[in-house]
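Quick one: structure below, then a few questions.
We call the chains A, B, C and D, going by the order they appear; numbering starts again at 1 in every chain.
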């Protein structure tokens, strides 16, 4: 019942607080003899690290990963991998006010209600800083998946502004600070988020993650469904409030005729004429791209004072200073990709276990 | 890694095919000395059973539950509960065509791709008939939760037609065959679904499940989040393609100021001025109502011929005859309630384990 | 945390009380397309069933198994198997006295202390009747293992009388009612147990289970050790108080030189010059026979009055009438074989998952 | 299916190789607001650390523990604890020969057979150095158990020399380098092990661990038995080949009359007139002391050349140089205590979850 672990065969356990000495992940169940070194993992961490543009937090962290176990002479050994990232920029004074007050929209009150104690420095364990450990684990998962599976994420909506899907170009994602696949919309978002940032406000976002190359047959029926595990994985990312597979909520408006993805004969398995299902039927992959979307709420770390109570139950107000993300959804892209990688790696191994 | 089990401490394992002799659930981890008998469970099964209106399947099943173990003299004993429901109406001839062809939008192809064998009679294990076992288990979960927690579900959208939330009246739900809380919309749905049914088509739906009385502090951080487990539970229901907590995808359009649920002093814990969060922050309950919504796609069992392939890879067409639900979302209401009950019961026990 | 489940990938969940309507097992994680029918399972149940000789309980049970799910046209489908055995002989009046008194050496008091309720009829859930479900599951496990792995059990000690290992002949096991591989000792045991039975007393036993054909590499390091899982599996059988792998406790008396199993070059992997290790090193199989022994205490169901207390805490005495096994260790042989099969099947799948 | 984790609610995940930079444990499920600091954990590590007498390995390790997460202002927070111990003395040259040859009686060959790669430096992950992480986790478990439960271990046999149980005096254990409760036997062991050490040989041992103060009701039926979990925990310690509860294998020689622990009325629950059961009936604690014994084989790291093969399959010989324990059983005492603590802490939480 480990609240800090996920996955069944490819299993990740994370630890660490925002302002503790370090954070990390133990990754278990990794097949042996996979090439792995710190540089490979670092590439993914660099996509998530703070300070890469004015639209993300200015906290200074190099997010340098160390492999402490499980790799020998450049290869995984089959034993547990320990990955550690030291915290470097821990200006605790930024957060002193929140020791006594609960920030609305944060986990301050609920941790207090549950545990009767909380590490208030930067949100402690509830800080999105924990997602660095997920990204590191996700890099290992990509090695398990191998080169046949490609996982890419994009931001498809910031605030009320949605991309034009007809303009989708994956190569655009790397050219703007938003992972936006629609070049025109990227320009609009820049304007919108500059205004948001200057107002000390924050904006929500929707992220889409697509996995190409997943063969038919991964996943499992009933409670081991691939979409069920993806839903849990994405909903568990900080600030996520909704998850969709394929057409998602839009499917509720379709007729049965429109929604069914028809099949034609293909070279290797069927060719589907559409992908409303997002690559999953009955909890099992179809061989089409696996498509997941998730909604990220606007962070509650804003400069406008909000009404709240303190730990003694008195009414008060709070303004969250400090270095925050005007749109946390942006840095959620590599995190969503990592969770997709971890879920798929787990199901690859689970499928191999049962079906050889 | 049991694909047919869910939950950690309150743990449900189900079995059974659509056209086998029976289906059932083993429920483990149940606290001792809870009052339980078959009549209590039957009440919930009767809400889900087929044939209650012309808008659901006409298959004839009484869905009578038997308790085979775990109850002694009207009380749970703390050992594993075995609940069994015999299948009565198994007209296998209705389904003979699907032995050789894959129905688009169903799990036929993916089970075949994964296992190389499938019980094609009525969908076998992939049939939504399995959800009867969930509903039975959910009844047990309600006993674990006790009377302080109330769980209610409603259909809030069928096809493109959404209810007017201002007209929400829980008492209306029992008065129409749609679990619709908006009396005006219920009339409109009747018209819409009659047309759908006569056209041999099908419609999607959105269901909302609300739990009142959940105390602050249930759930857990990181990968044991209450919302993460709810997302998995709801996404794992047949035909579900999206899950939201609280404002869900709409939260992406809000500003941080609008989204943060402000707090004032209350008699027992804080009073929140809004519930955008759907009763969960940082994966832990706030004490507000827990609000989940999920989207159900239109079933692919329709009378219009759809293009597909057969098990030898040849191109063909298929028409799904038989007795199907024009809108499977309707019968998903008691299933969604049951999953909510199971997740909450599990987290109640998990919280008690760690925090006493 | 299911107390009624074991295994990770090959996962068994059991249910049922001694005097309830039935008992059963749900077996999950079974690979698809394995030949399986009730006759195959029944063969193993018949080895464990009561009434086969005067040395075991005279309760009349045919222990007929029904497969309720998971098999289609004679093959496993990859979904959960439900196996059910109805109880036939439930003379509850035999057990009426134990409703109010705790039998020493039984689980009566501890179930009461834990749950505050107990099904006292025949021991309820704590009855060794539950092991029928294990034997049924073990039959499925043998299908997972295939013909390359042979699992055989024998009784090597009853009361103080140990077999002469030099006389070990597997073919003798089927010729006497004790699964005794030493023909001379079988005669002695007959005499000893007749005396025990007539005295209304009971005797303990030691069982040895050997698996031939296990390839090198099954198992896992640290907490997933093959011997660790075997120890849990055997210790969890009713009345077992000790478990050994290979030389077991005798290894403590050896020198390092004597204990190390030396290796020579073989045709496929090494040839070992001895098997003190019982086929397992570092938690992983060596390719030699896997050898486990476990000690079964004498049942406390005896005719001599024993001092005890009643459920109100008053001092009293109890005599356990009814139809009991003078030596429960005899019927533990097929149970131990079944647990060996289940553990090995699980590790076969786990190995395939991680190492392909 | 994490091979590097154990426990259900109190859950420990370990990592690290003998000659890597560090090793550690992540401990999850810890209740909040328990006092914990490094000094408390260090006290237990100091009992296990190398170099404390001439009868254990002379490797120099301070085994200094660092708490990296999960503790705030001297109290546990309810989130995952990360405990790290750096390796200091890593003279890799001592172990160079074993890169190419398999040491008989070690895990060298089986890791190779399983993974096709192994970290041969000091045994890598298979080294008993991993048990330092268990001891650290065990210290946390003791905090979960609180002062009411006392866990103590002793060596009761070295080689063929068993203690006289009539002379048992717990206070003697701390006065000799063997954790021997029989002062006379300690003198004999000193002589015996000096001879063993000088001969470059090694000796086995039997360890007994006793937990006082465990209330009746911990544990669970069937597959969640307290003795089953203890058996797994102890059998999983390096070099252990047998586990007993209470009378263990000796119970097989008793009659039912002799073995049943009779009960008389006591002040709080029954008073038992004997403890053949070792404090556990039906998998659930009786309130008597919980008694476990385990056999440790003699280490195969000896100076006499043993026949073996190399990684290319050629026949050769090997002598294991380096700094080894002449009797690894001695340092297994704090490890056995730690495993007892972890299992009991887990069951304390599991019992609270189900039974309040």
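One rule holds in what follows: a residue touches a chain if its C-beta (ideal position, glycine included) is under 8 Å from a C-beta of that chain, and two chains touch if they have at least 3 such contacts.
Everything numeric here is computed off the predicted structure, so don't read it as measured data.
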Note: of the two pairs C-D and B-C, more contacts are counted for C-D
Going by the average position of its CA atoms, which chain sits the greatest distance from chain D? B
Where chain C and chain D are represented by their mean Cα positions, the distance between them in whole Å: 26
Would you mind pulling out the distance in Å between where the CA atoms of chain B average out and where those of chain C do? 39
Where in chain C do residues touch at least two different other chains? 1-5, 8-9, 14, 29, 32, 78-80, 111, 114-115, 125, 221-222, 350, 353, 355
Chain A partner contacts - residues on chain D that touch it in the complex: 1-5, 8-9, 11, 13-17, 20-24, 26, 28-29, 32-33, 66, 68-70, 72, 75, 77-82, 111, 114-119, 124-125
Residue numbers on chain A that touch chain C, as the complex places them: 1, 9, 29-32, 78-80, 221-222, 349-350, 352-356
Residues of chain A defined as touching chain B within the complex: 1-6, 8-9, 14, 102-107, 109-111, 113-115, 125-126, 130, 157, 159-160, 196, 201-206, 216-225, 227-236, 241-249, 251-265, 269-270, 273, 276-278, 280-287, 295-302, 304, 306-309, 313-315, 329, 350-351, 353, 355
